[in-house]
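Here come two complexes built around chain A, the first alongside chain B, the second alongside chain C.
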Partner chain A sequence: MKTNFANVWMTRLMIAGLFCTLLGCSLLNKAIDTVSALEDAKVADNLEPSEEYYLGRGVSAVILDTYKPIEIKTPKQELQVTYLNDMAGYIERASKDVTRSAVKLGDHTNRSYDEQEHVRNLALFKGIQIGILDTEDIAAHGTPGGFLWLSYGAIHLCNNEDELAALVAHEMSHILLDHGMANYRSAYKSQIMTSTLSETWFSGDGAVANFGRLCTTYAEDAFKGYNPGQEFEADNWGARALAASGYAPDAMVAVLKRVEAFEKDHDVDPKDYLAHHPPIGERIKTVQAVIKDNNLKANPKSQTAEAVTARNKRFEEAFK
Partner chain B sequence: MDRWKKFPWRRLLALLAVAVALFFAISPVQGEKMYVKVGSSSADAVVVSSTDFFEQEPLGRLIQNQPVEMLDKTDGEYVKIKAKIDGKDVEGWVKKVILQKKPLENVPRVSESGAVDNASFAAPGFNKEIEDGMRKDSDEMAAALKRVDNFEEKRAKLMGLDPKAENPDPTPQMKHYRDFAKSGGLSN
Partner chain C sequence: MHRLLLPLAILPALVLCACGSVRSSHYETVQVTGEPATPGKVLYLRISGGTPDAVLLESADQWSPVVAELDYGQEMRIIGKSSGDFLHVRTVILGFAEEGWVWRPTVSVLNPADHPVDADRWQQEGVNRGEYAMTPSGTRIDGFTPLPEEPDPEAVRAGMERYLEKVDAFEGGRARVMGDSTKLQQRYRTFGKTGGLSGD
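Our next item is the complex of A and B:
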C-alpha cells in the first residue's frame, strides 16, 4: 500500500511538473510576442514594400526629369533592356543567401538594431526593374522599391558581361541594403532637407505635397551619391553576389580599375557623381581583401572558356 | 529493486508522449500564420517546388496580405509554406523575407498637416491615390511619372508579362531569368 501511495504522488508530481513546463512555454511565447510587438512599434516609420514601390516611382520620376530614359523603341534598345533586366533578376535570386549584416559586410556602416532588422527583411514589391538613361554621363541610381537607372556612360565603362554584372550587383546592393532611406533619415535628423526643386513643384500642403517633397529630396540626395561607408559595403555585397551568381568576383576589381582609369583621363568635376565616391584606390584594395579573406570564387563551371565566350558574345550584341 | 519494478514507467512514458505531442502542437514555428508583404506580380510571390533556382517549378502565386501557414522547414533564406491558391491547398517554398507576422495596415499614414515634422516627412502611406494627387499638382511631375509608366509597361512586355494587367503573373519572368543564366553558362 505504501509503495502505491508513493507512486500516486509521484505521478501527480510529474503531471504538475509537465503542466508547469507547458505553462512556462506558453508564457515565454507570449513574452516573445510582446517584445516583438514593441519592436514593430519602434520601426513603425519603416515603409511597407508597396509604399517603397510608390516612393521609388516618385523618385524615378525626378531622376527621369534630369536624365531622359531611352524610349525602348528599336530592337536594339529592347534587347538592351531585356538583357539588363534578365541579369539583375537572376543576380537578385541567385544571391538570396548573401549576408546583409553590416558587421559581416566589413562594418563600414552603423545601423541600429531596428534598421538592421529592416534591411534583413527588406523585400521588393515587384522585384528589380532596370532602365537605361540616355546619356554618356556616368550615372547609376537605385531607388526604394527596386528601380535601378543606369546611364549608357556607366554601361560603356564595362568591357564584358562579368564587369557589367559587377556594376549591377553594386548598385542593386544600395537598394537591398536600404542605403538611400538610411541617408534620408540621417539627413532629416540633421535638419538638412531644403529642396529648391520641391518648392517649385509643390507649394501646396497635405499628404501629396509631403510625398512630393520626399521624392525630390531623396532624388537630390541620390544625385550627390552615397557616403563612403555605403560604397565600401556595396562593393563587399556586390563581390559576394557575383560569386553566388557564377560571375567572377574579380570583375568588381576590374570595373573599379576602369573607374580609376576614367577618373585619371577626365577631370572629375566636384559636382559629378563619381567625385563623391571614396578614393578609388582604397576601394580596389578593400575589395581585393574581401575576395581573398572570404575565399570568394565563382562556380568553376561558370568560368569555362565556353561559358565566358557565350556571355561576352551576348554582351557585345547588346552594347557594342 | 522492488521500488524500481513497481515504478509506473508506462504512465511516465505515456505522459512524456503527451508532453511531446503538446510541445509540437504549440510550437511557434510550425503552423504559424504569416502574411505576404509583396505584390502578386513579384517573382518572389510565386510558390516554388524547390529551393534550387535551376530546378524550381512554379506551383502558384500568392497575393499581397494573403495569410499562409509556415511549416517547420527552412533552407537558407527559403521557408516551406502551405497556402490556399485558386481554392487548392498548395505546399511549397518562398523566401522568408516576403512574409511578416502582421497583415499590412494599408491605411494612409501621411500627415495631412503638411508640416515639415517627423510624422509628416518620414510617414508612409504612399499609394496610387497619393501619386495621382502629385500628377494633379504638377504638370512636370505628371510628365515625369508618365515616363515611369511607359518604362514599366514596355519592360513588362519584354519580360513576357501582361503589360495591361495591374498584377501580371510573374511566372514568365522567372523563366527569363533561368534561360539567361543557362545561356550564359552561369550556375550558383
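Our next item is the complex of A and C:
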C-alpha cells in the first residue's frame, strides 16, 4: 500500500510539473511573439504622421542633392505639376481598396488589413505630392510622407498618359506599402530596438545624426531601387491600381517594355542605375501573369476613341 | 511502477513539442551590396568601431557569437567563399590572428588611412563601370568614383520648399491634413471623368 501511495503522489507531481512546463512555454511563446512584433516593425509603423511626413521631406532633400527640382516659373511647368498631382491624387483615391488588400500582393508585405490601413494613412499625411526632377536621367523615387519625385527623363520615357499613370502607380505603391521603411527597420533593427522610436530618431543628442542617417540610407536605397520582392509587389499593386482607376492594366507591361527597350538601345546595364531591381524581362512576365490570373481589366469607357483622345491630348499638352 | 513510465516517457516529447512551437521571428530580407568575395583580397572596416555591426562573428549569421570587436579601418583578408551577406576573413587583433565572418556592407577595399578626411566623398560601384578613383598615395582603385561636389544643403532645402509651396498653392493650399479638401476631391473626380476613366 505504501508503494501505491507513493506512486499516486509521484504521478500527481509529474502531471503538475508537466503543466508548469507547458505554461512556461506558452508564456515564453507570448513573450517571443511580443518581441517579434516589435522587431517586425510595428515599431516603425508607430511613427507619428507628422514624423513620417518630415522624414519624407528629409529623404526628399537628399534626393534633391542629386537632382534639382524644376523651378515652377512658366505656365507650361504649372500645367505639368498640376497634371501630375491631379493624376496621382486620382489614382490614389480610386485605388483605396487595392491598398487595403496589399497584404495579398506578395511575400514581402506582411500586414493585417488594419495595419495596412494604418500605414497608408501615415504615408498620406498630406496626400501624394509629385515633384518633377529637372534631368533627362531616368529617375523615379517615392519617399515616406507621400513625396514622389519623377524626372523628365522618366516622364519622357512614357508614350501616353496610361503609361505615365503606370509609372506613377508603381512608385506610389512603394510609399503606400512602406517598402523603404521596412528596409531601414531590417538594416538597423538592433539600434531601433534599443529605445523607443522617438528617442532614437527624433530627440536627444543623437537626433540629428540618426535622422540624417535615416534620410540618407533611405535615399540611397531609393537610388538603388528596392529589393526584388518589393519591386514585384509594386508592379503587382500598380497593375491593380491601374485597373481600379479605369486605366488599362496592360499599361504597366507597356512601360516596363519601354524600360527594357531603353536599356537595350542605350547599352545600359541595369545594375549601373538600379542595383537591386530584378531583371526587367522577369518583371514583365510576372505582371502579365498577375493581370491574367486576376482578370484585371480597364474600364471599358476609358478605351473608347473619345476617351483615349482626351487623355492623349492632355498628356501631350503637358509633356510634348 | 509502470504508472510512472507513461508520464516520464511523454514529458520530454511534450516539452520539445511545446518549445518547438515557438515561432521563429520573421525578418524581411534586405538586399545589400558590398565587396565581392575574392579570396586574398584585402579589405578595411568602413564603419565606426563600437557599433553593433563592427564585429567579427564566429559564423555567417547575424546572431552568431562575436569573436572580436573591430576598429574603424581594421585590415582583413578574405580567406574563403562568402556565405550570403557575410565574408570569411582573417585579421590580426592585438597581435593574434583571428578568423571569422564580417557583414559585407561594413567593409571596403578603400583604406580609410588613405582617405582620412574625404572617405565619405567616394562612392563604390561607380555609375559607369570602368571608373576608378586614385588615392592620395597614387593607388588606383577600380569600381570607385569620387562623388560630385556637395551642393549647398541650405540652397537645396530652399529649392524644395519653394517647389512644395507652389504645389500646395496649386492644390488649394492643403489646409487640411489626413484627408483631402473638398476642392481637391472635386479636382480628382474631374481628372477621372475628363479622361474617360470614371463615370461619376
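We adopt the following convention: the second predicted complex is superposed on the first by the 227 of 320 C-alpha atoms of A that agree within 3 Å, B and C clash if a C-alpha of one lies under 4 Å from a C-alpha of the other, contacts with A are read in each partner's own complex, and residues count from 1 in each chain.
The working rule: contacts are C-beta pairs under 8 Å (C-beta built on N, C-alpha and C of every residue); 3 or more make two chains touch, one makes a residue touch a chain.
Values in this document were obtained by computation on a predicted structure and should not be read as measured data.
S.K.: Of the partners chain B and chain C, which touch A:64 in the superposed model: first, second, both, neither?
M.R.: Once the two structures are laid over each other on A, A:64 reaches both partners.
S.K.: Report for A:228: first if it touches chain B alone, second if chain C alone, otherwise both or neither.
M.R.: second
S.K.: Considering only the touch criterion stated at the top, classify A:129 as touching first (chain B), second (chain C), both, or neither.
M.R.: After superposition on chain A, A:129 lies in contact with both partners, chain B and chain C.
S.K.: Could you look at A:97 and tell me whether it touches chain B, chain C, both or neither (first, second, both, neither)?
M.R.: First partner only, chain B.
S.K.: Could you tell me if A:161 is touching chain B, chain C, both of them or neither one (first, second, both, neither)?
M.R.: A:161 sits against chain B and chain C alike.
S.K.: Applying the touch criterion given at the start, work out whether A:307 contacts chain B, chain C, both or neither, answering first, second, both or neither.
M.R.: A:307 contacts both chain B and chain C.
S.K.: Classify the contacts of A:85 with the two partner chains as first (chain B alone), second (chain C alone), both, or neither.
M.R.: Once the two structures are laid over each other on A, A:85 reaches both partners.
S.K.: One more residue to check, A:293. First (chain B), second (chain C), both or neither?
M.R.: neither
S.K.: Could you tell me if A:265 is touching chain B, chain C, both of them or neither one (first, second, both, neither)?
M.R.: neither
S.K.: Give me the intersection of chain A's contacts with chain B and its contacts with chain C, in residue numbers.
M.R.: In chain A, residues 7, 10-11, 14-15, 18, 21-22, 25-26, 29, 32, 36, 40, 49, 57, 60-61, 64-65, 68-69, 72, 78, 81-82, 85-87, 89-90, 93-94, 121, 124-127, 129, 131, 161, 185, 245-247, 299, 301-302, 304, 306-308, 310-311, 314 are touched by chain B and also by chain C.
S.K.: Tell me, which parts of chain A touch chain B in their complex?
M.R.: Residue positions touching the partner: 3-4, 7, 10-11, 14-15, 18, 21-22, 25-26, 29, 32, 36, 40, 45-51, 53-55, 57-58, 60-62, 64-65, 68-69, 72, 78, 81-83, 85-87, 89-90, 93-94, 96-97, 120-127, 129, 131, 147, 161, 185, 188, 193, 201-202, 204-215, 244-247, 299, 301-302, 304, 306-308, 310-311, 314.
S.K.: Quick one: in the complex, what on chain A touches chain C?
M.R.: 7, 10-11, 14-15, 17-18, 21-22, 25-26, 28-29, 32-33, 35-36, 39-40, 49, 57, 60-61, 64-65, 68-72, 78, 81-82, 85-87, 89-90, 93-94, 108, 110, 121, 124-127, 129-131, 161, 182-183, 185-187, 189-191, 224, 227-229, 245-247, 269, 272-273, 275-276, 299, 301-302, 304, 306-308, 310-311, 314
S.K.: Of all residues in chain C, which touch chain A in the complex?
M.R.: Of all residues in chain C, those touching chain A are 1, 3-4, 7-8, 11, 14-15, 18-19, 21-23, 25-33, 52, 125, 127-129, 150-151, 153, 156-157, 159-160, 162-164, 166-167, 170-171, 174, 177-178, 180, 184-185, 187-192, 194-199.
S.K.: List the residues on chain B that touch chain A in their complex, please.
M.R.: Touching chain A: residues 2-3, 6-8, 11-12, 15, 18-19, 22-23, 26, 28, 37-39, 41-44, 53, 64, 76-78, 95, 97-98, 100-102, 104-105, 108, 110-114, 116, 118, 120-128, 130-131, 133-134, 136-138, 140-141, 143-145, 147-148, 150-152, 154-155, 158-159, 170, 173, 176-181, 183-188 of chain B.
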